[in-house]
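Next come two complexes, and both contain subunit A; in the first it sits with subunit B, in the second with subunit C.
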Partner chain A sequence: MANKPITGEQRVFMTGNEVIAYAAVMAEADIMYGYPITPQNEIMHYWTRLAPKYGKKFLQTEDELSAGFTTIGGVLAGRKAFTATAGPGNTLMQEPMSMAEMMRIPTLLIVQQRGGPSTATVIYSQQEVTMTTYGGNGEGFRIVYSTSSHQDLYDYVIKGFNTAWKYRFPTFILGDGYQAKMREACVMYDPAERGIELVKPTPYMGAPGTPGVDRKPSHMRNTYNTEEELYEVVMNLAKAYEAIIPEVVEFEELNAFEADTVIIAHGVVSRAAKGAVKELLAEGEKKVGYFRPITLRPLAVNELREIAQRAKKLIIAESSYGQLLKQIKEAIYGTDVEIHTILKPGVGITQEEIVAKYHEVK
Partner chain B sequence: MAKVVKIALAGEGGQGVQSVAEIIAEAANEEGKEAIYIPNFGVEQRGGVSIAFIQISDEPIGSPKFEKGDIVVALSDRAVRRTRQYVGENTVFVYDSSIEGIEKDLPTNAKKILAIPALEVSKKELHPRVFNVLIMGAVLEATGVVTIEQAKKAIEKKLGYKFEKDPSLRELNYKAIDRGASLVREQ
Partner chain C sequence: MNYPQIPKSWNIESKPHKFCPGCGHGIALKALGMVIDELGIQDKTVFGVDIGCSLLAWDFFNVDTIQTHHGRTTPVITGIKRANPELITIAYMGDGGGYAIGSQHLVNAAARNEKITVILVNNTNYGMTGGQMAPTTLPGQKTETTPYGRDVDETGYPTLGPEMVAAIAREGAYVARGTVANLRQLKGFIKKAIENQMAGNGFSFVEVLSGCPTNWRTNAKETWDFIENTMTQYFKVGELKVPGKGE
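Here is the complex of A and B:
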């Protein structure tokens, strides 16, 4: 049996879904659980082609609730398990993911956002931001990476497994239908050759030995009897989550801490935003900057506040009716920066539109 | 800023626009250029207008979709109506001359409009199955984004296993791409 599909550095030209399947193999994932939904189907398809060659497994479940819970089961057994979904499937995933939040289970869920609400389109959107960051009945103790390119998909799927297993919070890769289906180039590599150490999974349950005799019993719990008992548990989760924020937060920026007008976007829209800012800078506009939160949860609150205190105007562009906007407003609460928006639920945003908006509001 | 060539190809599901787009994008990538190809599709299993967006540049490309194409190709009546929105003052708009009933729907703001008899030529001179390859030849002639040679290599990569079984298919595909290019040259 072959050891790894990628050795050295390989430039490839393929769809994002295929890139994700390769990245999961290279991250030494053991098993994928999944239920089909466009536009993430091909993650499953490519995984099922690759998995048997590398001694890995796949289980198709009867729905997304089951795919989420079986992923948790895989993790409890000490396997690097993951799943992928989109749209209405992501809605169903919220129940297992809130269980993972409660029990600190390092699941990895890849979301390829499609249009909403409900069935809507199978194409593209950024309308699953609120659900992926704060979905389920809980407090949103999760880590969410918003990717913008195939290179990001490869890098962050590998990183995502490490983040999940290192910090033991459910981790999400938030892509979208464009990233899922488009073809572009990216460089695949063996993480070991780049000095990236993969965190080894360990079982939560069924470890060798006798519980209470030669090891501690494994006591997994998501049900509590008293208000006070639950309060203590959730406050401990909050404390643990807040402690890791400085290590986990990621963002990208261009001239954002010097600019009067800062364009903020995440995911695939950030490509248009960055392109717009580069174009404007090249045209001689000096006071324009770009900021892209890579982690949407936790968000780079300190940096956003610094920008909001310094800049005069923000332009927030997203393919939803204000899901990122809401989080940014919360982050910069109390500052008096002027906010402008391009909000296009379920529709792509081009560089031209952002440049035009800048000229309109500057 | 590096020039980005933007191409939109639209036709009925099954006409092969997505395959052509994939081959063009792969050929550009093989030439060492940056390329993005994104298919646009609805929930239907069959039928419906299928659009492919391609962008090719010497530098990394920003947003996967664009407002106005450099070349927009429409291969059915519905595709003509659907792609009007991607036509601007710098757009070359190409449609098949056999499409009927679209006289009033043709864009009025294009830089140039080309009606090419691709369907007729593929039927009479070649084979209907290479209609899309003929269109690819036309697109490459109109944009120069990749050389015809590179495109042939990309076709070989994609369909080589079929050519092995039946070498006349290779000949047919190569003829179609050359003939498609000539349809644009003759305009």
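Here is the complex of A and C:
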């Protein structure tokens, strides 16, 4: 049996879903559980082709509830387990992910956002931001990476498994239909050759020894009897989550801390935003900048506040009706920066539109 | 005389258990504990409990235990078994968890012949939430949501779980219905179910007829009478599918 599909560095031209399957193999994922939904299907298609060659497994479940809960089972057994979904499937995933959140079970869920609400389109959107960051009956104790390219998909799938198992919070790769289905170039590599150490999983259930004799039994629950008991549990979760924020937060920026007008976008839209800012800077505009939150949970609140306190205007561009906007408003609460928006639910946003918006509000 | 012993695999620290007086869960879990002891599998067993009264068993055994969501114990246990087939995995749930909210998981786990064991306690109502109609509520039986008795024209007939599972599951599956009124037989069914998993034959499923005196509002005699004489008219006790023995 071959050891790994990638040695050295390989420049490839493929769809994002295929990139994800390779990245999961290279991250030493053990098992994928999944249920078909567009636009994530090809992650399963490529995984099921690769998996048997590398001693890895796949289970096609009866729905996303089952895909999420079997993924939890895989993690409990001490395996790197993951699943992928989109849209209405992501809605169902919120139930298992809330359990993972409560019990600090390091699942990895790849979300390829499609149009919403409801069945909507199978194509593209950024309308699963609120659900992926704060879904379920929980408090959002999760880590969500919003990717913008195939290179990101490869890098952050590898990183996502490490983040999940290091910090023990459910981790999400938030992509979209464009990234899923589009072909573009990226470099695949063996993480070991880049000095990336893969975090080893450990079992929650079925560790060696007889429970009650050689070791304590692993008794895991998410049900509590009293308000005080629950309060303590959730406050401990909050404390643990807040402690890791400085280590986990990621963002990218260009001139954002010097600019009067800062364009904020995440995911693929950030590419249009970055392109627009580069174009404007090349045209001689000096006071324009770009900011892209990479982690949507936790959000780079300190940096956003610093920008909002200094800049005069923000332009927030996203393919939803204001889901990122809502989180940014909350982050910069109390500042008096002007906010302008390009909100296009379920529709892509071009560099030209962002440049035009800049001139309009300047 | 041989007095009944507390199973070795029980967690003494969580005893006396938290089930209502007269509840059948204690007997079902006693049977399971005895089987775990007899098979010597305490170190390899992973126990999953559902939401509903079954969740009270989250620390019942000195066995690794995961308490899941309502209806979702079957997929969690399936996920564990798929990831690590060396473990002996048992999903424990009530009739609401298995036949209503988690029925798609039960049906599909049976259809895939998952090498897991499901033990489902049938007490003809939702106990934890205060005694509503369950899929297993008998025709005419009064519950909080059928205060005038279950009207089968409105709500259908009780689910025959083992019959359904036996119809779906293929060769290698073990399916039986036991009762807390016959501990020795119940223990035998549970033992065969777990041995069936250990042999890698296929899905194994045991429904356990049980009592709920709190919500039935019955005394000990009436409770026992309902389990032994009323429930068994509808729910036939016995083995429905045994590997190698045909149907």
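As a working rule, the second predicted complex is superposed on the first by the 362 of 362 C-alpha atoms of A that agree within 3 Å, B and C clash if a C-alpha of one lies under 4 Å from a C-alpha of the other, contacts with A are read in each partner's own complex, and residues count from 1 in each chain.
FYI, a contact is a pair of C-beta atoms (placed from the backbone, for glycine too) under 8 Å apart; a residue touches a chain by one contact, two chains touch by 3 or more.
Everything numeric in this text was worked out from a predicted model, so none of it was measured.
Undergrad: Which partner chains sit in contact with A:Thr223 here, subunit B, subunit C, both or neither? Use first/second/both/neither.
TA: second
Undergrad: Tell me the contact category for A:Ile31 with respect to subunit B and subunit C: first, second, both or neither.
TA: second
Undergrad: Of the partners subunit B and subunit C, which touch A:Lys181 in the superposed model: first, second, both, neither?
TA: first
Undergrad: In the superposed arrangement, which partner chain does A:Thr70 touch: subunit B (first), subunit C (second), both, or neither?
TA: second
Undergrad: Which of the two partners, first being subunit B and second being subunit C, lies in contact with A:Pro246: first, second, both, or neither?
TA: After superposing on A, A:Pro246 lies clear of both subunit B and subunit C.
Undergrad: Hey, is it subunit B or subunit C that touches more of subunit A?
TA: Per-residue touch count on subunit A favours C.
Undergrad: Is A:Glu353 in contact with subunit B, with subunit C, with both, or with neither (first, second, both, neither)?
TA: The answer is first: A:Glu353 touches subunit B but not subunit C.
Undergrad: Could you tell me if A:Ala282 is touching subunit B, subunit C, both of them or neither one (first, second, both, neither)?
TA: In the superposition, A:Ala282 contacts subunit B only.
Undergrad: Quick check: in the complex, which residue numbers of subunit A touch subunit B?
TA: 13, 38, 119, 121-123, 178, 181-185, 268-269, 271-272, 274-275, 278-279, 282, 348-353
Undergrad: Subunit C touches which residues of subunit A in the complex?
TA: Result: residues 30-31, 33, 57, 59, 61-63, 65-66, 69-74, 76-79, 81, 95-96, 99, 203-214, 217-223 of subunit A touch subunit C.
Undergrad: Under the touch definition given earlier, write down the residues of subunit B that touch subunit A in their complex.
TA: Against subunit A, the touching part of subunit B is residues 1, 22, 25-26, 29, 34-43, 61-67.
Undergrad: Which part of subunit C faces subunit A closely enough to touch in the complex?
TA: That would be residues 9, 11, 42-44, 46, 51, 55, 58-59, 61-69, 72, 75-84, 86-87, 104-105, 107-108 of subunit C.
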